Each structure stands twice: as structure tokens, then as C-alpha cells.
Amino acid sequence: QAQAKTNFKVAWSIYVGWMPWGYASDTGIVKKWADKYGITIEVTQFNDYVESMNQYTAGAYDAVTLTNMDGLSIPAAGGVDTTAVIIGDFSNGNDAVILKDKTSLADIKGQPVNLVEFSVSHYLLARALESAGMSERDVNVVNTSDPDMVGAFQTPDVTAMVTWNPMVSEILALPSATNVFDSTKIPGEIIDMMVANTDVLKDNPNFGKALAGIWYDTMAVMTADTPEGAAARTAMGVASGTDLAGFEAQLAATKLFDKPADAVAFTSSPDLATTMDKVRTFLFDKGLLGSGAPSADVIGIELPDGKVLGDAANVKLRFTDEYMSAAAAGTL
Amino acid sequence: MRWINTKPSRATQIALMLAPFLLLIVAYGVTSAARLADNPADKLLPALQTLIDAINRMAFQPDPRTGEYLLWSDTGASLVRLFSALGISTLIALFFGMVIGMLPYVRALLAPFVATISMVPPLALLPILFIVLGLGETSKITLIVIGVAPAMIRDLALKVLELPREQIIKAETLGGSSWQIALRVVLPQVLPRLITCLRLQLGPAWLFLIAAEAISSDSGLGYRIFLVRRYLSMDIIFPYVLWITLLAVITNFALDRLRIAVFPWSNLEAR
Amino acid sequence: MRWINTKPSRATQIALMLAPFLLLIVAYGVTSAARLADNPADKLLPALQTLIDAINRMAFQPDPRTGEYLLWSDTGASLVRLFSALGISTLIALFFGMVIGMLPYVRALLAPFVATISMVPPLALLPILFIVLGLGETSKITLIVIGVAPAMIRDLALKVLELPREQIIKAETLGGSSWQIALRVVLPQVLPRLITCLRLQLGPAWLFLIAAEAISSDSGLGYRIFLVRRYLSMDIIFPYVLWITLLAVITNFALDRLRIAVFPWSNLEAR
Amino acid sequence: MSEIVLDKVWKEYGDQIVLEKISLTIASRAFVALVGPSGCGKTTFLKMLLGEEAPTQGGITLDGVPLIAEPGPDRGVVFQRYSVFPHLTVLGNVLLGKVFKRSPIAARLFGAERRAAIDEAMTLIAEVGLNGSETKYPAQLSGGMQQRLALAQALIMKPKVLLLDEPFGALDPGIRAEIHVLMKRLWHETELTVVMVTHDMREAFTLGTRVIAFERPRDRPEERERYGAVLSRDIDIWPPRIAGENSIFAPDRDDPVIPLGLRQDDPAPQGDILP
Amino acid sequence: MSEIVLDKVWKEYGDQIVLEKISLTIASRAFVALVGPSGCGKTTFLKMLLGEEAPTQGGITLDGVPLIAEPGPDRGVVFQRYSVFPHLTVLGNVLLGKVFKRSPIAARLFGAERRAAIDEAMTLIAEVGLNGSETKYPAQLSGGMQQRLALAQALIMKPKVLLLDEPFGALDPGIRAEIHVLMKRLWHETELTVVMVTHDMREAFTLGTRVIAFERPRDRPEERERYGAVLSRDIDIWPPRIAGENSIFAPDRDDPVIPLGLRQDDPAPQGDILP
């Protein structure tokens, strides 16, 4: 299917950890790196996260931003061999379980919980319930679309909600809302990354390198404590519908890997395997690894050290530090 | 012979009628096969067998989690919402359509307002709706009503106004009061039109139903479509879309039969 | 005097017309003030001043990122999509409406298909559309066309069929060929109806536009509404909704004027 | 008694003067035929008698009492079209007036009251020659039968005045002749003052006791707005027709010509009407 | 020459027999008036002559050649309604036939060709008494003027046969009388064979050279489906009317009664038509 080619399409959707892609595209960083490798990269913004993944899975895009869990359950389970090129950040408070007028996680028992079903919120809820010795049977999940979470929380019949930023900070600003469990309690388990089609990447390693180059260039600008850095953060804030302060609040809840070395270290640590095992077990329980999946092992997950979690003959999700290492080594 | 005068025979007509549907199925089959040859796990255009498996799973096997037959429970939930909303819209349209159409004061008061309201995009007002009405069935039904009722009111008020003035005068010379004329002259004549008008709103009603279910729900046809859309499970989406289409076609047809059965004179008029 | 015979004076009429709008504004003001007194940070019903600030920000101050005036660039982007889509739908409807209405063979072939297609909920087909057509303007425009054209085709074909058979026969006795009759007898008579039919589809067209922009876009009125919906920024959503409503009302009115200006005879007919 | 007196009646629509200074006394039980060119204000005149429009100046009295400014059961009306209710059967149409009278809230009759009303309606239906068609809808009747129905429907109210606006204008001549006979009989037998607008001189002279013509004395387009129509002719038929009495001079002069024996007022066959 | 011969023509719709075994020869330049009760198949008969419907059995020839099975420019037609195009002005309506003939693709004329066609059309418009109204739309004309327009529109094609289906049925009697005069003049002056359906006996005898009646011999409801109408009467008018010649016996016997001097065919005033 894939061959050497020069035109690549990248999809991203609006989320704090992915806003740099829009900024990079607007400010010419993408073009700079694409030119360097003699390719063109078309960066497309999606308003709807699910649609961006679907488009990638259906082959309309070469790379997309998504979370580790969705990477496994959507493209990988959809038969598209996918490689995580860049581990951009992990959620460190961006996702939260919020109760209304109650203050402890244990109070969630028996309540309806509004969340985007089968999303990382659902995973976070499962981990939260697990931590309190409960299971999903103790609550009643109601699917609710993410843009409407803030409005929904203010309605009388909503008492518990799991969602992510920017909705979390909007909701927590309401007097009745309490954060009872958030992703700081499960650090490193909700990972935001840029993935690409493995075949495309294999035939066009320059594409991966360009992506890494773009990302770390942009990181350098946006994390700088300079007027330019503030301007970049302001721009990203506005593009995501808020302002500088709002955006920085979201950034604070995000463990951004602005140095490639940190990302390499995170990717290579054995914790990743543990995390992915939890994730795939969760997905299997929910029947999201394919309707006929006999066990959580049905899809193979390759780790940077070459070890495979699950079916080695059906590896569909690969973690690699190749491109991030190259960035760290300055060999892009 | 001119093209406009050539008429197909009965058999040709049936063949022609079926042709585009068959063509669509064949085109689907071919494209699907081609994509699957490329990537056997492709989900966009599942093979026929996959579709049948999915239908079988959704319609005839209980869901392991809840023990329900999903297609039927989804259909039930959606239809309850749809028909409640359409019922409410119909009553609202009937009341406001009649008073706007009959009473000049009310017409001056409400006609421009309803015309403006009918132009407001209801989806944009969803957050307010939720907060005022909560996330339950009420807000879903209300969304459909808001989306559908203003157009019905306008349509019906227009129908009332279109009643020949002669009829109203005649009714007055028969001693009818405003109320009696409303009850015995206007109402029965707009009822069949109300049904026609309801049929026209079936499409929008389904649209708003799906939109409402996409936003917050735990069952319903639209809920299921948007839930599995997350996994690009076209094997479920396609049958669901076909099923919705079928339900809409049947409702449409049944409403028309109902009109003819209940108001036989309304069909005599047509010509 | 019977209620149906009491008529408001011109002045009363205007007062009555404005009343519901004023009432709405007052109701908003009161509720908003009450909510803000409760929680000064409440975002659901912003104070009037907040709304004016937001309008000022969106309409009259350049966006720091792009230097554009957002309201206008959003409006531009949306209107280009809307009008392209409506233009294309109109052409499609005109062509298919006329051939279905005029040619019995084409009618047998396409009428049932179009009727079925018009019942398919287009929102459910969005993923396929985006994959087949990409995410550019094409797929957004196509969604609107898919949502709007089948209904227009049906409506128009019906109008063609409703032309008195006598007229067609008369045209034939004047020596007209199928083509000439289409061009000089049928087309000019369905054109005004086409405009009416377009007006009826404005509501749905906006709906689909907003839905398409909600999924993938980087400008447009619907895009902006969905973007800021995450923050419940009603201070932006309300003005945008009002603005969309206003645009729809103006378009609706302008199309009707256009019809009367271009086809003066179509208004003589009305009564 | 039902004498109508118009005293210097003017009617204007906005700037347009339609009728100018009409003064007229219509005797009780007269049959006035009103003729005049199209647009001269005949319908407007009738609407003023109905109470549907008010005169701009001047007054109208019925039996000396100013006219009620709304159509009511004392004045019946039959128009050229739309005079019957398409959603009611023949019987339903004729019953309606009775129902309105007896049942102000439910607008429906039950039991004995209903049976009495039906009896009365059936008599009237037979009177206008529609027996056998009681359960049909107007769309299943021919044009002539529909106008008969409209007459029956109006007459059940026993109005003092019957106003007819080109009631037979849309009928074919054969059917028209038959309904003329009926009309004349009804006028003879019922306590009615009739005002009928018509375009047909023959009809005016066949039915009326008095023929009145409206005309615009100034009718150039630029004058249309500024001058209205006036009463231009007022002819009493001689020898006089008197309600309830045969003409002494020529008992059968008013008979219509019966054409060639084709039954033109037959109901159209069902197949023609049902789609 | 335009002789129409019908040879044992039957017409059935599905199981329903409408016309039974009609054999008839219509001489060139005849004016046939066709009468009969509603639903007996008069329109169906006309449609067969038009080519709009085909006989179930039997054949129709025009000048010895089997009839083309489609309406065409050799046979003109005027219906009771919908005979003119509402979206074209008077001039546009009359021009249309010329335009169709000369411009097969664009269906529009330009320059000298257009001017010539307009001249011809204007003559015909004057002929039917519509001069001055060239730029009006049909909705701005009275019913009588619309039918005059329909005649002019049909006649510009110089058809051999003119088929009229109750052309004047919807007109008021005064207007009808005027248009009768016109119709007769046109028939005298043009090379036309006319077949006219009418409900009005007087009209049939005033205009026709021959009056034909259709009737169902068996017309009980249960028989309607099984038996069609037959040609029941065929009367040649005597003394004969001959196209292009004045009647020797009574040169003015055919004049219509001119009523009371009211101009009943005046165009309705604009205010009445514009909403």
C-alpha cells in the first residue's frame, strides 16, 4: 500500500497537548521542516476528535494525534498498523472525576456518571472505581458529548461527571463541583501522542523525522519564558477558544515532554508496558478490541525494546523512541 | 414520438425502479471487496457477511452486559422520543396554528415571532435547553419540538388563512360563534393538512432526535450510531441507518394512509 | 362582535408584533440578573454588557493570532459554503426535478430512489462523506447538498407534474419538441417555485452547515459556536445565534423579493 | 317583514371610491337582481348587506333597525363557490346551522335533539332534490347539486334575507335552468327577501321582481380611483311577480327551456372524482 | 382539405368501456358541436382526435392518413382552462408556436425573424380583439380575454383541425355571446375543421353545422363499467351553415343577444387582480 511519497497529511484536534501542531502550521515551522526533507506536510485541524481518528483509520491521513488508549482501540483494532512517533505529554490532572455537592470518591456509588463512553474518561473512571474498591456496576454510565459537558453539569440531574480539559477547569470553577479523582493519581497512564501509519513511516522515515523536528522546535518556542513564548501560548489559547491564562492553567495539568530526552526516558521505561496492559484489559472488558476477540492478547503491542505484548503475529501498535532519540541526539 | 410521451410498461417500470437500488448494492459490494483486499481489517465498508453478523448480533442476540436485544431496545427508546415529540409538536401546532390563523389579534402578536423563531438554529441552543430542562428525556423531546413545531405552526396558520373567506362567512350566517366555527369548520379541515405537515417534518424530526441522542443518552438509535462511530463500526452504522430510513418511510406511508382513512373527503378534493 | 372579526389597528398591530420580542429581552434581562446575583461568574446568561463586549471583540477588533475580524471571517466562510451548496443543490434539483417530472422513463427510474434517499439521515453518513471527499470545503458543501437536494428534487418534480396536462398538450399542438417544451413552458414555470423551495430549505441548510463545521473546520459560524461551547461562552454563542437567525431571515426575504422581481407573473397568479 | 333601507351609502377602500351614494329601499319579499360590469362593486354591496363590510358613510337598516355589523343567522348567503363545507356530508352541511344554534359549546347534537334536527334537514334536502345523496361529500356532487345544497344549508336558518352572489354563474345552462325553477319555488314558498348578483341578464329578468344595475359613470382608467359606481337603472318587472302568487298574465312564462332531454345535472360518475 | 374519418372506434380505460363503436365522418370545414351528459366520454373523444389517447380498437384518419399518435401542430386545441401559459405575456403566448417552428434548439427568435413573427402575431391579436393588451399576463385578463388569447395562440399554427373542449363553459353569458361572434367569424375566415364539446345546447345550435350527441344507452350504476356511450343523435343544422358564406335564409339569425349595453368583457380592474 504505502510507498515512497512526498505528500503527507496530518490530522490534529483541539486539545491542550496538541495545540502546538496548529501553531507550528500557522507559523511556518511545519513548512521549514518539510522543506528540509523535500516533502510537503498538510496539517488539518479537526473540531471533532473522533472524526480525526476515523479519518486516519480509514486511510485518509498518514498521521494523527490521539491517546494511547484510543490508538489501541481505534486504528490498531481497525487493522491499521500504527506507530507512535512522538510521545507529547501525559495527562497530569487534565482528566478528572467531578462530583456535585459531594466531596469524596466513595460518594459516587449508585450515581449516574456522565462521560464520553469508551473514551479515556471511561478508563479514568474505571481506575478511580478500582482505587475505591468498586466497579462499573456500582454506577450508571450516561454517554454525553464532550462540548456539552459544562452545560450538562449545571443541570439538576447530573451529579457526577468524568471529563477532560478545558471542560474540567470550567466545571471546577462552579461552586458545587469537587474534583474527587484525577489523572495525577494515575500518572503516565493517559498519554497523548502523534502516531503515524507504520507502512508509510517505514517507506518514508523522513516523514517521522520531520514530525519530530516540528514538535521540538515548537516546544522550544512555546515553553520559553520570553515574550515570544507568551505570544505563542496566547495564540494557542485563543485558537482553543480561551485566553493565555486559561491555556496556561490547562498546561499546568499536563506533563509536557518539551525535551526529547525526557520523552525517550518515559517511552523506554518498563512502566509503559504495565500501563498498556491495564489499558488493553480495560478495552477487552468493554468489547472494544473487536467483537470476536478471544482475549486481550488479540492485538500485539510492540514496545521500544522490541518486546511484544500480546499476539506477536498481529502487531498493530508500536512504540518507538527512534525519532525522539534522533531529536535528542540532534541528528534530525 | 416525443420523449415526454413515451411511457414504460408496468414491468419496465418495476425494473427501472429497482435498478438504482441494485446498482447501489453492487457498487457497495465491489468497493467494499476492493478495500478489504487492501486491508482485511478495514472497517469503512464491511463485507456483506460482516453486516449480517452485526445485524444478527444487534437484533437477535442479547447484549452480554444488559441482556437486552440492542436494536429493539434502541428502536423502542428512539420511537418513544420521536412520537412523543411529534405528538406534542402536533398539539402545539394545532393550537397556535389555529389561533394565529383565525384571530387577527393573535396573528399580529405571534406570526412574526414564530417566523423568526423558526429561523433559529436549534442545535446552537442546546446548552440552554439542557440547563433549563436537564439531560433526561424532556430535553431531547424539547429539542425535537423546538426544531419542528415552528415550521408546523406557520404551515398550519397558512392553511387556516387559505380557507376560503366565503366558508367562514357562510358559517357565520349559520349562527356559528368563533368557538363553534373553530371546532366544526376550521379544525376538521386543517386536520388532514396537519398530517401532511407532520409527514414533511419527519425528516427534520429524525435529524434532531439523532442530534439529541448524540449529546446525552444511554439508548436510542442515534446514541448507538454515535457511540460506535468512535470505532468506525460501519457494520453497525449501516444497518442502523437503513433501519432508520425504513422506519421513516413506513411512518410516512402510514400517516398518509391514516389521513385517507380518517378524512376520506380530503382525498376527494385532491381532484 | 366575534373574536374572529375583531381586527387590530395599524398601530396596535405594530405594538403587538414587537411585544413578544421585547418580552423575551426583558425575560432574559431579569433571569440573567438573577443568576448573576447568585453567582457573578455564571456564564449561561451573560449580562447585556458582556454580550456587547463580546460582539465588539468578535466583530470590531482584529484577532491577535490572525489579524482577522472573527465574526466577519466566520460569516464569510460560512456563507460561501452555504451559498455554494445551495447553488449546487438548486442546479441539481432543477435538472433532476425537471427530468423526473417530464420524462416517464426517468421518473420510473429515479422517483422512488430519490424518495428513499430523502429519508436517509445525512448526519449518520458524515464519516463516509469525509473519508470519500476529504475534509476540505467539498465535504461540507456535499453534506448540505445531500441534506437539501433530495427534498428539493421531490418538490420540484411534483411541481412539474402539477403543471396542467392541458398546457403540455397545448405546447405540443404548437409544435414544441420535448426540449422546447422543457425550455419554454416547464422551466420558466418551475423557476419561481424553485426559489420558494429553496427558501423552505434554508433552515435545514443552516443545520447541516453547522453540523459539518462542528466536525472539521477552522472557521465558520458553526465552527466558532462549537469551539466556544466547551467553555460555555454564551456571550459569544448568543450573538452568533442571533446573527445566524438574522442572516436566515434576510436571505429568506431577499429570495422572495428576487422571485417577484424576476417572475412578476408568479405573483399575479397567487390570487 | 324584512325591509332593507340603504341611506346614502358610500363605500371606499383606502383611496378608491367603490360605491357612491346608494339610496335604496328593498321591500319585504322582493327578489332584487343586481347587475353591472365586473368590478363595479356588486360583491361589495352584498358584503355590506351581510355585515362583512361596513359602509364608509351612510347607514343600512333592516326592518328599521341598524344592521348588525357581522354576518349572522338572519341573513343567509350563497356564493358562486365555497358555499358548502367540503368536509361535511350533504346531511352534515344542512345540519350545521341547527347544531350551532342548539349546542353552543360542543357544537354537536345527540339523541332526540339530533333526530329532530335530522328530520328537519332531510325535509329540506328533499325539497332541493338531493334526497338519496345525504351521505355524499360535496366533491362527489356536480356543481348544480352543490349549489342546491348551499341553498338548503342557508334556508334551514329561516333567514329574513337571502343574499346570492352569482350563485349559478359557474353552472352549465341546462343545469342553470333547472335550478332556476327550484329557486323560484323556494322564493314563493319561504318568507324571504332575496338580493341576487348576476352577470346574466336573462337570469335577472327570469327571476327578479326588480332589476337594479350599478355602473360607473366615469370609467376611464385614470378616473377609476376617484369615482365610484352609482345606481344607474332600477327596473320593476312588469307584469309584477308577487311572492307566493302565480303570475296572472302568463302563468308559465318563467319556465326554463328544458334542453334536449340530456340529464345534465346527473352526479358525475364516481370514477371521475375519485383519483 | 381536412376530413376526419373514425372507423369503429372503441375506447376502454382498464375494464371500463367509455366509448363503443363510434363511426363518423367529419367533412372538411365542418363545425361539429358535440354534446352529451357529463362523463359520457366527450373529452376522451377529443383526446383521441388530438392523439393524446389512442383508440383501444378501430382507427382514425385525417385526410385519409392514419392520425399521428401525438398532439402536433396540425391540430389546434382550446380547453376550458389552462389553455394559455401564465408566464408569457399575450404577445409571448401567441408567438410561441412560431418560435417553436423556427428555433428548434434555442427556442427563441432574434432580429428580423423575430420582427416578422411579431408582426404576424400582432395581426392575429388584433383579429381576436386583444390589441392594447399585448404586454399583459393572462392573470391580468378576464376569462373571456383569456379564451380569445387561446384561440389566437392556436390559430397562428394554421391548424387543419381545431378542437375545443367546452371553451366557453366558464364564461358569463354576456361574454359568451361576444366570443361566439368571434368564433363564427374565425371559422368563416380560416381553413378550419372545428370539433367543439359543449354542455350548452344553445351554443351547439348557434355555432355548429352539425350537432352530435353521445349517450350511454345503459346508465344504471352497475352497468356503467360494462357499457360505453354511443353516438345517439346526429343532426345536421338546417338551413345549412356553410363556411365562408352568409346564411341565405336569415343572414343575422346567429347574432347573439347583446345585453343591456354593459361591457361585460372589460378587463377586470388591476386592483382586483394584484394582491
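For reference, chains read A, B, C, D and E in written order, and residue numbers begin at 1 within each chain.
Please note the rule applied: contacts are C-beta pairs under 8 Å (C-beta built on N, C-alpha and C of every residue); 3 or more make two chains touch, one makes a residue touch a chain.
Small disclaimer: the values here were computed from a predicted structure and weren't measured.
Fewest steps needed to get from subunit C to subunit E, stepping only to touching chains, is 1. Listed here as common contacts of subunit A and subunit E: B, C.
Greatest centre-to-centre distance from subunit D is found for A, with centres as Cα means. The mean-CA centres of subunit D and subunit E are about 33 angstrom from one another, to the nearest whole unit.
For this pair, subunit A with subunit D, the centres built from the Cα atoms lie 82 Å apart. Averaged C-alpha coordinates give centres for subunit A and subunit B that are 38 Å from one another.
Separating the CA-averaged centres of subunit A and subunit C is a span of 37 Å. The multi-chain contact residues of subunit E, meaning those touching 2 or more other chains, are 70. Multi-chain contact residues of subunit C, defined as those touching 2 or more other chains: 2, 44, 127, 131, 172, 177, 229, 232. Residue positions of subunit A touching 2 or more other chains, listed in rising order: 54, 58-59, 148, 150-151, 154.
Contact between chains, as defined at the top, is found for A-B, A-C, B-C, B-D, B-E, C-D, C-E, D-E.
Residue ranges of subunit C in contact with subunit B, taken from their complex: 2-4, 6-8, 12-13, 16-17, 19-21, 44, 102-105, 108-110, 112-113, 115-116, 118-125, 127-128, 131, 151, 168, 172, 177-178, 181, 202-204, 206-207, 210-211, 225, 229, 232, 234, 237, 240-241, 244-245, 248-249, 252.
Subunit E makes touch with subunit B in their complex at residues 69-70.
The touching residues of subunit B, when paired with subunit D in their complex, are 164, 166-167, 169-177, 179-180, 183-185, 188-189, 263-271. If you check the complex, the residues on subunit B that touch subunit E are 1-2, 5.
Of all residues in subunit B, only 38-44, 53-54, 57, 64, 126-128, 130-131, 133-136, 214-218, 223, 226-227, 229-232 touch subunit A in the complex they form.
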